[in-house]
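Right after this note come the structures.
What follows is chain A paired twice: with chain B in the first complex and chain C in the second.
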Partner chain A sequence: MRSRWWIVLLAVVFFAALAPADAQQRTVVLRAWTIGPDNPSITRFRNLETAAERLNAELRREGANTQVRVEGFFDTTNWDSFLRRVLLAFQGGDPPDIVQASAALASTWATAGFISPLDEYIPRHPQFADVYPALWTAMRYQGKTWAIPQDTEARPLYFNKFLLRRLGWNDQQIADLPKRIISGDFTWDDVMTVAREARQRNVIEPGRGYYHRPVNGPDFVQWYRSFGGRDFDQATGKLVFNRAAALRYYRWLRAGVEAGVIERDRLNNDWNRFHQPITDGDGRVLFWSGGTWNWAEWEQQWVATKGGEPWLFERFGFAPHPSYTKGGKPITLSNPQAYMLAARSRNKDLAMRLLALTTVPDLDAKHAVGSAHLPVLRRTAAMVNNRFLKEVSYLLDYTTFLPIHPDLPRWQDAFYRGVSAAESGSTTPEQAVELVATELQRMLGDKVIIE
Partner chain B sequence: MPLLPPRWRLLLVAIAALSLPILSGLAWLLLTGWFDQVHGLVPTGRLGPDNWRFLWEAVGGRPSVWIPLRNSLIFSGVVATVVVLASSMAAYAISRLSFPGRAAYLGLVLVLHAFPAVSLIIAIFFILRRLGLFDTLTGVILVKASLELPLGIWLMKGFFDYLSWEMEMAALVDGVSRWTLFWRIALPMVRPGLLALGTFALLSAWGEFILPFTLIVSNQNWLMSAYLQTFLGEAFTDFGMVAAVGLFYAVPVIVLFLLGQRYLLNIYGGGVKG
Partner chain C sequence: MRRYAAPVIFLLPATCLIVAFFLAPVVTTLYLSLTDISVITFQNPQWVGMGNYATLLRDQFIGRIVLNTARYVVLTLLFNVGMGLVLALLSSSVHQRWGDQLRAVWLLPRILPPVVYVLIWQGLAREAPYGLIGTITGSSTSWITAAPWAVIVLANGLVGASFGMLIFTSAIRAIPADLFYASAVDGATTLQTVRRVVLPLLRWPIMFVTAYQTLSLLTSFEYILLLTDGGPGFYTTTVWSLHAYKLALSQYFGNVEFGLGAAMAAVLVVIGIVVSVAYLRIFNFRALVAEPKIEVN
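For the complex of A and B:
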């Protein structure tokens, strides 16, 4: 009699263990790794969390027994450490489902087999139809789409109006500067001339005539192009290194250092040494190259206590980067950020639904306004009532993208070493150009055209 | 209090002067952790717990601090236990038993100690990946413990060498097995050594950065050192919070040091005085 009770009890336990598969809710954890490294871009992660709430509501409405939870982090350290972590995760075989990074990396990761092509999924989600077509171009490699645009931006040449006034410029001249850059009337040489004058008249301290970023980044491609360089050959699909353009750029930097308007150790790895002098007092740097997102950083972190955005509008102006020659075309560069899907993800359908719900106007606008990046959806642009975004978005008329090539990071590293050598004075600009050419040839062989 | 001789007073002044950089560093840490703004060592902002909000909220998309804290406690606790157990057994065998290759083994252990962990990291990555232990706490625990073993074995061997052999001989004659001898007689006599080694291993594991930073990539498995590192931003660093997290991270170590310093000093002494 007693043993029969035991059998009944065991049977109950057995069926109870089986039952949850149907009756209980299944929570799928979607792992997502994102990066700023600028703090205001945290919406790259927060928007995923909000989208997960909306996806869960949708799933409940559909009566599905699945819910999702987004797990992951938003990295504010630096790109090197983030990318190292992502690579280790890809190599380790258990990567996160979603990784956000520069779209230009898609070609490298696609070649390595780390990420999944998305062409099959995109048409299923109407949200993606409103994305600017130019951004999709930046997501494609070898005929396939590898990423979902997250944001884009422009990289302006900023100038300090307060210091220009002290140099004797009137308000009209200052207001006209962007137009002169656009028409090709104001060139890189003019930037140098004004900076030199500012130094001679003691309007700026040594080295503060022109600032560029202190670490490697996509901007160097933009500056190389503004000095007449081309980095990609459409016909052959090869990377290109143009000696003459690189030499012009390196010589310009060297001349700046020698004239005391560019710091010899500008590549000092320290972003604080970039932002601090730019925002100190009324700003102590005359011209500098930055990104639109810097605006949000300055507003929220550097000048928050002394006036925020109005302070910035009063003192800082922005324009596209000039050409090296009179009448030349201005330029800026957009390096769209994108969400990519790991090839090994076991929840691709759900992850794509999550990304579709992230690519909606309200979240796009929230990110754009909060981080001073530019939206990816056409509808968002009409929706956003933000002075900076409105005034800066014309820069996109002059924008270019990084070439989509898996070996681009090597090209960038070699070019950057040349900048470092020429600027610090450890070689002459001519030697630096040869150094880069030799290194590219050695690393990439016939995958690069040296001209 | 009797006045010290002038020579000693001079020495004290010299020591105080030498310690000044360290002391001012600690003062900075304390002040920055508790005030909104600090210029040099002068607080200019409000006193308040703002920098400590990581204790009750997840800051900037990071996991809650209690997750890395739990992981760090498990990590250092298990590493210390494994190191103490394995080292004492290995050291006892080396000290008391004669087996082929004993000298070579001792030398090999010492050579292993010469390799900095970072030089092995690529090989370790491939091994862990093959074993399916990459990105797991277990994997990093095994690596850290094995890297700590050489020092532990040599240290404990020194302690066992000091034990009187006659006492063990007497026990063996009485019919006690080797295992009982080790467990019941030898181990209690080297207790100061075990405690010192345990404390060292615990402290070393608590402060470990390179291994967990490289071999753990998921934030749910982060240790406190990796958590602290995420606050050092490229574009902007909130030093107030860095200081607060740093202090929080240091508290268990300070407590442990206060409790264990007696045993740490013992590391230079033997098991039995005689």
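For the complex of A and C:
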């Protein structure tokens, strides 16, 4: 009795082995880790899933026996914990195939050997040809391309029209403010003057004349530049720290704290303490630096119940960041997000096909509109009919990128320490500048120029 | 040979655990601290000898961090042990039913996840109209950034006190009732009884709690991380272990330096050993664990 079962089993195995190989379908799992951390940017992950469906349809049409499935997550906590997770995965030797992060990280990860150069893959996919050329520049390091642009953004100086009106500004004056910033007529000192006046006339509460982000971030480079600083020397490829520019910025912050228009504890690590006062009532903060993506956060999370986007347009205006000097050039910073491919990925071809299908106008537009980031494809920009994106995209004329240097994080960390020291009053602005210079010299030695 | 078989077998599991989870990490940390391993050099770390320790010595912020650490440990310890003692004395002096309930309430923060506990603190301590205290008092002060040290010590201490409370309570319960009767007969007031009878008999648990809490405070930073992240501003509340954690594992732009962080951790191990030895001396450990001179049955 038992022997008969064995014969049946053997027969099944035998015929299964004879069956044509292509009848067996192979599912390749592509692991992708993505982050906002702003909630509306969830399309950074959802778009990959949609692209996977399209890729599967393509594969079926080609008669391939492979299908893909995207697995992974969209992180809404913070950069710090996300990057730690990515790092541990890279080190553990089992990284996801695709990681989305700031393009500026590509130089660090490329130096570490974690990610793969993509130059041989990019020309194979026509979708990539429509990406803004400037964005490709931000993806290159040491002559190679390390990432695929996912989105970009601008970091405007926002202002509260309602509060400006209470200060006596008329609608025309308010509407002209961005133009005055662009022409160099309205400088950082004017921001300070208006904020002081608002405080003196009790239009704002203490500390709410100007808000910047509560934690470290790429924006500090942009503010340093707006005060005349340069951070990278093209000729030598070294990072640069300009004492005079840093001092101007630190002094400006300190003066703001002393005048009661900037909070002494503005670097308080609490994003709620940023968004809440900005969106409370008719808005309680006069000027603040943010990102375009904040617009989507405010719309969907902070003012959703009291009017959404129309509420925002009525009360908030935006402009590039001013210069420190009359007639100076305005500035904003773009820190493009990018998809990178792990050097250890075993499915690079499929992953690149997936990324190509993600870099298409409809998905690009969906992400841009949904998260208030700016699109990466030229065709998308022409296609999207969204008031905010249309009105804000001119900021890209004044945009700059982070310098591509593996030691940039150290520079940024040191500069941030200086901001925290000067703003909190732990040191004078002059001492803060010296702290940063000494720290950079100690950490980077001859890899940094202190001027 | 057979004489040793049984002890070896019995000691083996614990030895394996200690080697795997205590000794191996210490050795690994020491080894890493002698290399320049970081994100960039991860696949190819170089041996730098004492280089990381030299870097630490040259760090212009390290003095501030050492002071912060001392402040954090001493203040929290005083609050922890003092509050634990007060709670133990109070809860043992009332009816046992009420005493047990009082202690149960004080254990609540300990069973809360730190993140939730800190969220509650933020909800309490933010400025009006976002924080409860601010809303009630109409104050626009955000206490976590206005008085970061007070909040950190309180938040840590209120959780930490329950540890001392439990140990001290059980020690007070273990004091023979005859001693209380005797002191009552002699006409001692409550305070005198506490001072002359209870506290001398609590010497051993107080030493244990102090030593244990010192070591755990030296290495703990989770409430600081969650409450202030070492700020507000310039290293205001950054302690040694938090700084080591940030260097080794947590940087906004993801460029962390494991070697340097490991060197800081290694220094902490040394400090921990020195502190432990000092405590053993101060509290005269040998005398405490000596054979009792009289039997109390």
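Points worth noting:
By definition in this document, the second predicted complex is superposed on the first by the 432 of 451 C-alpha atoms of A that agree within 3 Å, B and C clash if a C-alpha of one lies under 4 Å from a C-alpha of the other, contacts with A are read in each partner's own complex, and residues count from 1 in each chain.
Note that in this section contacts are C-beta pairs under 8 Å (C-beta built on N, C-alpha and C of every residue); 3 or more make two chains touch, one makes a residue touch a chain.
Owing to the predicted nature of the structure, the values given are computational and were not obtained by experimental measurement.
Contacts of A:Y398 after superposition: neither chain B nor chain C is touched. Residue contacts after overlaying the shared chain place A:L435 against chain C, while chain B stays out of touching range. When the shared chain is aligned, chain B comes close enough to touch A:R46, but chain C does not.
In the superposition on chain A, contact of A:W271 is made with chain B only, not with chain C. Between chain B and chain C, more residues of chain A are touched by C. By the touch criterion defined above, A:L105 reaches chain C but does not reach chain B.
By the document's definition of touching, neither partner reaches A:F232: not chain B, not chain C.
Of the two partner chains placed by superposition, only chain B is touched by A:P37; chain C is not.
Of the two partner chains placed by the overlay, chain B and chain C both lie in contact with A:Q91. In the superposition on chain A, contact is made by A:L408 with chain C only, not with chain B. Comparing the two interfaces of chain A, the one with chain B and the one with chain C have residues 79, 81, 91, 215, 272 in common. Per the touch definition, chain A reaches chain B in the complex via residues 31, 34, 36-39, 42, 45-46, 71-79, 81, 85, 88-89, 91-94, 96, 215, 271-272, 275, 297, 301. Contact residues of chain A toward chain C in the complex are 79-81, 83-84, 86-87, 90-91, 101, 104-105, 108-109, 111-114, 205-206, 215-217, 264-265, 267-270, 272-273, 276, 406-410, 412-413, 417, 420-421, 423-427, 435, 438-439, 442. By the touch criterion given at the top, residues 60-63, 125, 129, 134-135, 214, 217-220, 229-237 of chain B touch chain A in their complex. Listing the residues of chain C that touch chain A in their complex gives 39-43, 55, 58-61, 122, 126, 130, 140, 142, 144-146, 228-229, 231-236, 249-256.
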